[in-house]
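If you scroll down you'll find the structure; I have some questions about it.
Labels run A, B, C and D following the written order; every chain starts at residue 1.
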Amino acid sequence: MSGQTPLPAKVPPASAGPSAAIADMPLEVIGQPGVPFVEIETLRAREFIPAAKEALTSLLKEQANGKLIRPVFNWAGRNSLFPLHWGLACCAIEFAAAFGARWDAERFGVVPRSSPRQCDLLIVNGTVTWKVAHKLIALYEQMPEPKWAIAMGNCATGGGPFRTAYSVVPGVDKLIPVDVYIAGCPPRPENLLDGILRLEQLIKERGA
Amino acid sequence: MKTNELAARLTSKFGEGILGVDEFPGLLGRVRFDAAIASKLFHTFRDDLGFAHLTMVGAIDWIDHREVFYTLWSDADRVYVMLSANLPSDAPTIASAVPVWPSANAHEREAWDLVGIRFEGHPDLRRIFMPEGYAYHPLLRSFKIHEPEDLEVKVRSE
Amino acid sequence: MSTITLFSASDAIAAFLLAHIAYVFPAPVKGWITSGDVVLGLASLIFGVILLGASMINTIMLIWWERKLLGRFMDRRGAMHVGFAGLLQNFADGLKLFRKDTFRPSKADSLGFWMSPTAYMVTSVVIFGILPISTGWNGGSLPLTLLLALVIFSFAPLFIFLGAWASNNKYALIGGMRSAAQMIAYEVPILLAVVAVVVLSGSFNLTTIVLEQRNYWFWAPLFLALIVFLTGMLAEMERIPFDLPEAEAELVEGWNTEYGGMLFAFFMLADYVRYLVGSILVVLLFLGGWTLPTYVPSALTSFPLAGIFWFMVKAYLVFGGFVWVRASLPRIRTDQLLRLGWMRMVPLALLSVVLAALVVAAHCLPVLGCVPSMGG
Amino acid sequence: MSEMWVNMGPQHPMTHGLWNLRVRIEGEVIKDVEPEMGYLHRGIEKISEDRHYNEIITLMDRTCYVAGLAWEQLFIVAAEQALHITPPERAEYIRVLSAEFQRIASHIMWYAAFVQDIGLMTPFLYGMRDRDLILDLFQSYTGGRLTYEYMRVGGVRNDLPLGLTDRCRKVCDWLMDRFVEYDRLCLSSTPFHERCDGLGVLEAPEAIAYGVTGPMLRSAGSRRDLRKDRPYSVYDKLQFDVATATTADVTGRYLVRMEEMRQAVRIIRQCLDWLDDHPGPVMAAQLPRWLGAPYAPVGNEAYLLKRNYPTGVGFSMVEEPHGEAGAYIVNDGGEHPYRVKFRSPVLINIWASKRYLPGYRVADIPPIMGSVDVCVGECDR
């Protein structure tokens, strides 16, 4: 962009518009008297690149600090929790009731999906037996990250009334990491919704 | 049909095989029989006495022996009757009722699983509730529920 | 109607942008940048971006519309806490799926697994691009737009089956096979119903078809064809009562059982683009496109972008009808579906072609007065 | 296409619980099935051996979580027989009232799950909405939505609150209207008949041989209903008809359950009238001391010395919403039952799927298994 080209014979008329004027004018002419508007336009154009570069750099820096995109994704993640559609025991009935007309968990964007590949929330709604334990672990591992787990009800939390039984896992946290425990035998649908909202709060505070 | 009628008919047919017919609240009676005549007795009850429904097969561990009981329903007489046989604890074996009542299949698998009764002639005598390879029969009195057991270890190692 | 078209608008935007970017560069580059080819290239790109954005926003609005409508049919409210009336819910879903792990099951076929959602998505969006939505929003007035749209529309079973096979899952495989069988079976009645429209309008060009409906919309003479087309579209779009490939009750999630994260979002979005395209085709072929009856006061049709507005209102109402069907009908079985397709829909469609020919003939009867533009 | 085995479960939308249906299919045609249970085996029979009689009621609610009161009644009938206790008549009427309401709630739950299986989404929500009204009633006199712990050996825990009978009548009227709506949503739609007619046929002789009971048996034309055949509680004083159908298929089971709900409303209305006219105690006066205390301090030696346990056996069969449930209690004179054995109708009904599933298509599995009304809690116990 250095100035090998000769100076133009005449200053182009102002009516030709900025693009026509700039098109056949070397950069060195700019700044000479007689072309004030073009100078301003050109300066703006020249400063654009470093300014844009700086803006982009700071943007990337903020992004690296997790201030830019991460909150957006956090918002998205916590407002669209798809639980896995499966029923273990008694709590599954209340789980279903939470999606009924009276409680309607879909208000909060909670839509059950049947395939673990498309879920991000595993609601363990009932007693877990040792026979189903490795299937539960497999389901949890089939869910893509980020994922959360809710232990719904006393059985999933700690075995509940069946804690002493020979076939029952005393608490699902022995198998998978649990984020929110919901007490109750079974918890009412409100409790489940409250648990989901608490999980959302948790995601907001802790990050995904 | 009354309880004593039933007793008379059964004794005339099986003689020594019938150990007794007791009164039982809510039932026609409880027929105690020798496990050796089980198969014939089942056929008699279904074909001659009209007990087409087998509603329950269960087993009780009486520590020194084990008891298998069957409850049957007759549509004609609208009564239940209970058959019961005592089996020795070291060899709890009895003929399967599956050839007579197909519904016995699941019941007998359950009795094998929980109390450890062997049903001879059962087409598919596997555990039904506990995982295959589980070492105990949990409804035996000797099985204490508070004891730690190796099922956890087993499932985890799979 | 204004004369600004979508392409002229993107051309103007491209020229404006290039003229301003050209400041920075020296003369030869400058000249090249502002030349017609580059402007045309950028204009096409902008055109594509606008189409893509429009299809995505419409798709997401369509999901919202379905969820809210379905909620009301079911005595509940649907998404309502994320954004005003849940408007942002689907954006949240999309962003979340975008961020989720994208993975491939270890025994899945790599190429097919990655390719099929992408190809499915691309083909679906392309159809949206070539459909005219108003006199201005017109992706190119090709003579055979209708055929092109239907051809691309029928690519879908290929990609679905590819994805289903590649994911190495029994449910997915069964779902893919069902999908292929069902879509191929319903191509025939759809094409025959379209033939009825073509007979009546005399053109394969969608713009011409819409303009031919200025006297009366085609649903009235071609009611049979409309029914066949709607049924066929329900089957092609795999919605209840024909959602066998995704039948939740027996085949967990059908052919997308193994898909998660972004790939699943692709399938989902492409599905809804197809629903949108189906509704748009119904509006174009039978409901007069962007035109309104002549007795409608002109104030309703003369505001800016009125054509697009009325078109979209019609399309969303048609989709509302599909949602209504979804809320009130159970799913039928594969054999019943195929029987319905071959033994009910195909004869009906043939009948409707005959009816269309009769209508064309009736126009030429001296009693009714011949309409020269009809029937070509 | 060659044959292959498909696992449907334990996590599968069709199962409505934790069980696994292994299906051998050729193309889409079912060749053989192999149900696998036990994923929810919680050892209730074993835990019961370590529990007080009134504490087992807690487990009964959880055994069948859609028909808790019916299972409480099952256990109570057997336990009272084993302990030689007679409850007051008012308690019996309240039990029948509760059990019949529970039958409606359970059938509505079945309806909601079943229609979802064949792809109808809206009635699921309608069903859950109407079921909640019944649960509200339960909540107002038992305190629980799903697990009640309401019945006691010797009666029920508390009398009905004031004004409950009128609320019950209102709910009954509302439900009768809703049943008409349910029928309109299903029976008047052609796709419903296309999906359900002639599927899962199990004729009466085979059903009896395979031990199938309840609505599945009655849909084959059998008039077997324990409430009529072997009346327990006060069913012999109440007027009702046995709902039957003749087609032995999915539609038949639908019709039987719908009619059963109407008959249940009829029974409930009679119970309400009786309860309005006959106030009285709801707990037996002559209870053994160790039963009178609601929470007996198990293990207290001084307490144990005063015991005077009867020995005996209790056997009860109850027409539960899913079929015939049975309980056999052996009371050896201890504080806890020596052995409790339950018969689960669902276990046998699922088991018979080896008989009624082969020959149909994969797409028919959800409606057929949905018409069985699976409750895995009582199946596995």
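The rule we apply is simple: a residue touches a chain if its C-beta (ideal position, glycine included) is under 8 Å from a C-beta of that chain, and two chains touch if they have at least 3 such contacts.
Not measured: the values here are computed from a predicted model.
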item	value
Chain of greatest Cα-centre distance to subunit C	B
Comparison of A-C and B-D by number of C-beta pairs in contact, larger one	A-C
Interchain centroid distance [CA atoms averaged], subunit B/subunit C, Å	64
Gap in Å, rounded to a whole number, between the CA centres of subunit C and subunit A	29
Between subunit D and subunit B, distance of the C-alpha-averaged centres to the nearest whole Å	24
Interchain centroid distance [CA atoms averaged], subunit A/subunit B, Å	58
For subunit C, residues that touch 2 or more chains besides their own	74-76, 248, 252
Per-residue overlap in subunit A, given as positions that touch at least 2 other chains	100-101, 114, 131, 164-167
Multi-chain contact residues (two or more partners), subunit D	12-13, 38, 41, 43, 46-47, 50, 124-126, 129
Arrangement of touching chains [line / ring / star / complete / other]	other
Every chain pair meeting the contact rule	A-B, A-C, A-D, B-D, C-D
Subunit D-touching residues of subunit A, taken from the complex the two chains share	84-90, 92-94, 96-97, 99-102, 114, 116, 126-127, 129, 131-132, 135, 139, 161-162, 164-168, 185-186, 188
Footprint of subunit A on subunit C - complex, ascending	19-20, 22-24, 26-27, 30-31, 34, 67, 71, 74-82, 86, 88-89, 91-96, 99-103, 248, 252-253, 256-261, 264
Parts of subunit B lying in touch with subunit A, wherever the complex brings them together	129-131, 136, 138, 143, 145-146, 149, 151-152, 155-156, 158
Contact set on subunit B toward subunit D in their complex	24-27, 52-56, 58, 60-61, 69, 71, 75, 78-80, 82, 101-107, 110, 114, 127-131, 138-139, 143, 145
Complex contact set, residues of subunit A against subunit C	1, 5, 18-19, 22-27, 41-42, 45-46, 48-49, 72-73, 75-77, 79-80, 100-101, 104, 106-109, 113-115, 117-118, 120, 143-146, 208
